[in-house]
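Presented below are the structures under discussion, each in the form of structure tokens.
Two complexes are shown next, each including chain A; its partner changes from chain B in the first to chain C in the second.
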Partner chain A sequence: MVSILAEKGGITRRQFFKGAGVLAVVAVVAGVFAKIGIDMFKVSDDYIAKRAAGLYTLDEKMAIRKSHENPEIIQLYKDFLSPGEVKPMTEKAHHLLHTRYGQDIPALLEELRHYQGEAA
Partner chain B sequence: MSDVKGKVLKHGEQTRTMHWLHLICFLILGLTGIGFYWNIGWINDLFGGPANASLVHRWTAVVFTAGPAIYILLNFERFSKFIDTISTFTRDDIQWLKTMGGYIPFLKGKVPPQDKYNAGQKILGWVVILGCLLFILTGFPMWLWRHAVSPAFLDFCYTVHFWDAMIMMLAVLGHFFLAAIHPQSRVEFSSMMLDGYVDAGVTAHHNAKWFANLSKLE
Partner chain C sequence: MNAVEVGIIRVTSSCKGCDHCTSICATGAISGEMGEKHHIDLKKCISCGQCLINCPFSAIEDTSMVDTVKRALADPDLFVVVQEAPAVRVALGEEFGLAPGTNVKGKMYAALRRLGFDRVYDTEFAADLTIMEEGTELIHRVFKHLGVAGFEHAGPLPQFTSCCPAWIKYAEDKFPDLLPHISSAKSPQQMFGPIAKTYAAQKLNVHPTKMFVVSVMPCTAKKYECNRPEMMASGYKDVDAVITTRELAAIIKEAGIDFVNLPDETADNLVGLSTGAATIFGTTGGVMEAALRTAYELLSGQTLGKVELHNVRGLKPVREATIDIPIKDLGRTLPVNVCVVTGIKHVDGVIEEVLAGRSPYHFIEVMNCPGGCVNGGGQPIRRDTY
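So, the complex of A and B:
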């Protein structure tokens, strides 16, 4: 008959403390790491909140806060974009105030040249 | 070898399952990691392109982390004994390292009796534990915190993760060579990869200190 040998069951105090100790160290390291991460999220959220508050404050301090109430813009419409009145979306306003990007830039330049020298 | 007859149960079923699971995860993680580090097209394509390879890497990492964690909780005694063995270094272990267990032809000297694991395996045990912890501690922030942490910290994680991978792959390659290829040590192959048993004569010779404390099952 072949005999089969195996380890005895149970552990000693020393083995228990070593096993538990390693797990405890790992738990502490993971905890510290998680804490660092959570703090970083807080700092980042804090920063975003402050930045947003700053932008709102700056905006509230502005004398003119809406472009359609800006006297200079109103004047521009009266003198040039819709001569004699304040009328948005005229042909001229559409072509001059909308910009284009990338490959469409040469065509835009061409168009702007077309309006060159024109004034009310 | 000695003339002890019989066999020794070295690794239980859960241990072997966990070892297989971790091995497969490691291979997938290593392969996908190499794929996106060097941007190797065919490796990425194995996993359905770079974006999918990245997802495979992350979710395999979850198994890579949860597997051993569950194993340790279910087998706390086994784990404690393992930690006890690999954290015990005596004069015999130092002497084993000086002779490199007799594996290197020109290093002469008597190889002293060893525990369940020889001094080299003990060191590998620590390398694997620390290496895996580093993977976890750098990998999950690279996944979950990437938009909250500073670029410098993220870069630090990537660098540590990468070098950890290089060192661990070399360590695992060495481990594979001794466990599966080297004629003197591959006699233990089946104890981890198959049925859990090693020949008693081999154990009496390679792990004399551990062997002395075994008891008969039948």
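So, the complex of A and C:
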């Protein structure tokens, strides 16, 4: 194939048909692989969509569908995180449930050690 | 040496050097000559496992904590509790011949009890807790933005979600200036751990040193997250070990449990109850929808009639929506602009707008894996897609 493309002094009619034939085969093979690629993408999307649909169906079947109405969450706040009331972002919640990122991690580690030293 | 230093994802000697993974990896962590074994740069890897589930030769593996979990279950002195992420229950069945999306929640609880866990709780409980904290944080940031007195210390808008550990590492590595925009609320997995070892341990009269917390996750990055050094708010390692959906299926098979014929059971109470809002955390757009259901009701003082927010659903990589929320305390309606990104390759444009001060959004959800946790790196591998 390379020899056909590299022919210097022009090509004969026979060589032209041979080259065109090779190109046609290459085009068909490429087309088939592209089709397989598209199908793979579709199949992959399909099982993701089915798993997501499973979660949405489960949501519809749940007796409670909003986080702030979860009775065990309300109990956790009233008994432990914000005694007597439901109040997010208290100091206790901040210590247990919030974090920091990147360069702030060493300072957070220091705070955690200090907090646990006081608690002990 | 812990898993943060050694990494979670490894290329094995079965690698054929086909180079497919380098096109999957969003951080450019994988390199290698065509036809030769590839190599993962741990500094760049965000442990998401997308290369692993997409490798045509099964040549990529993740660090296993299965033996640690088995030892804990066999130890009579330990009180072993387990939590399972939402996405596990709609994919675990695939390992036992069921169709993708089949809900096996009840059988999953039953199987975990038969494996010997002392309490079977649910990460969905902690997802509800995440909404309480993260939703309140968002309200504080919005009030600060509107100039309401008393909220001066709140962070800037837009607020980004923080549930996805691969996304967190991506932002820490590549966009340190963005970090004040990311919610300080921990992910559901890491909220469950400290609540189990403080609140639940007290209620159950178990000493926290005797409690062992296991997570079943659709995710390989959760293994990295539980080993981050700051994840010890309880005074102990908050989450002791993480296994994936695939690994749970293998343990169930090894124990000879007839999974598909198990009865449907429920989670234990105390920190095991969940809501529909928590269930949809496992899919792209779900955290946003759950947060809006709660934020709307808390801000407006009104009950949301129709809880489904269809305009944040779907599989398009970047989606946006505007929800008008009447704010009772301020006597005005605020159009809240939200954005959902799925597939970390699509997030850079959204971030650059935020850093340039041009972002129109109040709240942005980011999940690393295309489609969200349902397509996580710890989920059953679909060989039928090749």
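By definition in this document, the second predicted complex is superposed on the first by the 81 of 120 C-alpha atoms of A that agree within 3 Å, B and C clash if a C-alpha of one lies under 4 Å from a C-alpha of the other, contacts with A are read in each partner's own complex, and residues count from 1 in each chain.
By our rule, a contact is a pair of C-beta atoms (placed from the backbone, for glycine too) under 8 Å apart; a residue touches a chain by one contact, two chains touch by 3 or more.
Keep in mind that what you see is a predicted model, and the values were worked out from it rather than measured.
Residue contacts after overlaying the shared chain place A:Arg13 against neither chain B nor chain C.
In the superposed three-chain model, the partner touching more residues of chain A is C, compared with the other of chain B and chain C. In the superposed pair of complexes, A:Ala53 makes contact with chain C only, with no contact to chain B.
In the superposition on chain A, contact of A:Ser67 is made with chain C only, not with chain B.
Within the superposed three-chain model, A:Leu97 lies in touch with chain C and out of touch with chain B [touch as defined at top]. When the two complexes are laid over each other on chain A, chain A has residues 40, 44 in contact with both chain B and chain C. By the touch rule above, chain A contacts chain C in their complex via residues 40, 43-62, 64-73, 76-77, 79-80, 88-89, 93, 95-105, 108-109, 112, 116, 119-120. Residue ranges of chain A in contact with chain B, taken from their complex: 1-12, 14-16, 18-23, 26, 29-30, 33, 37, 40-41, 44. Those residues of chain B that touch chain A in the shared complex are 5-9, 72, 76-77, 79-84, 87, 129, 133, 137, 141, 145, 148-150, 153, 197, 200, 203, 211, 213-218. Residues 86-87, 89-91, 99-103, 105, 125, 127-129, 131-133, 135-137, 140, 162, 168, 171-172, 176, 179, 182, 184-186, 190-191, 194-195, 198-199, 229-235, 269-280, 282-284, 286, 290, 293-294, 297-298, 304, 307, 313, 315, 370-372, 374-375, 379, 382, 384-386 of chain C are the ones touching chain A in the complex.
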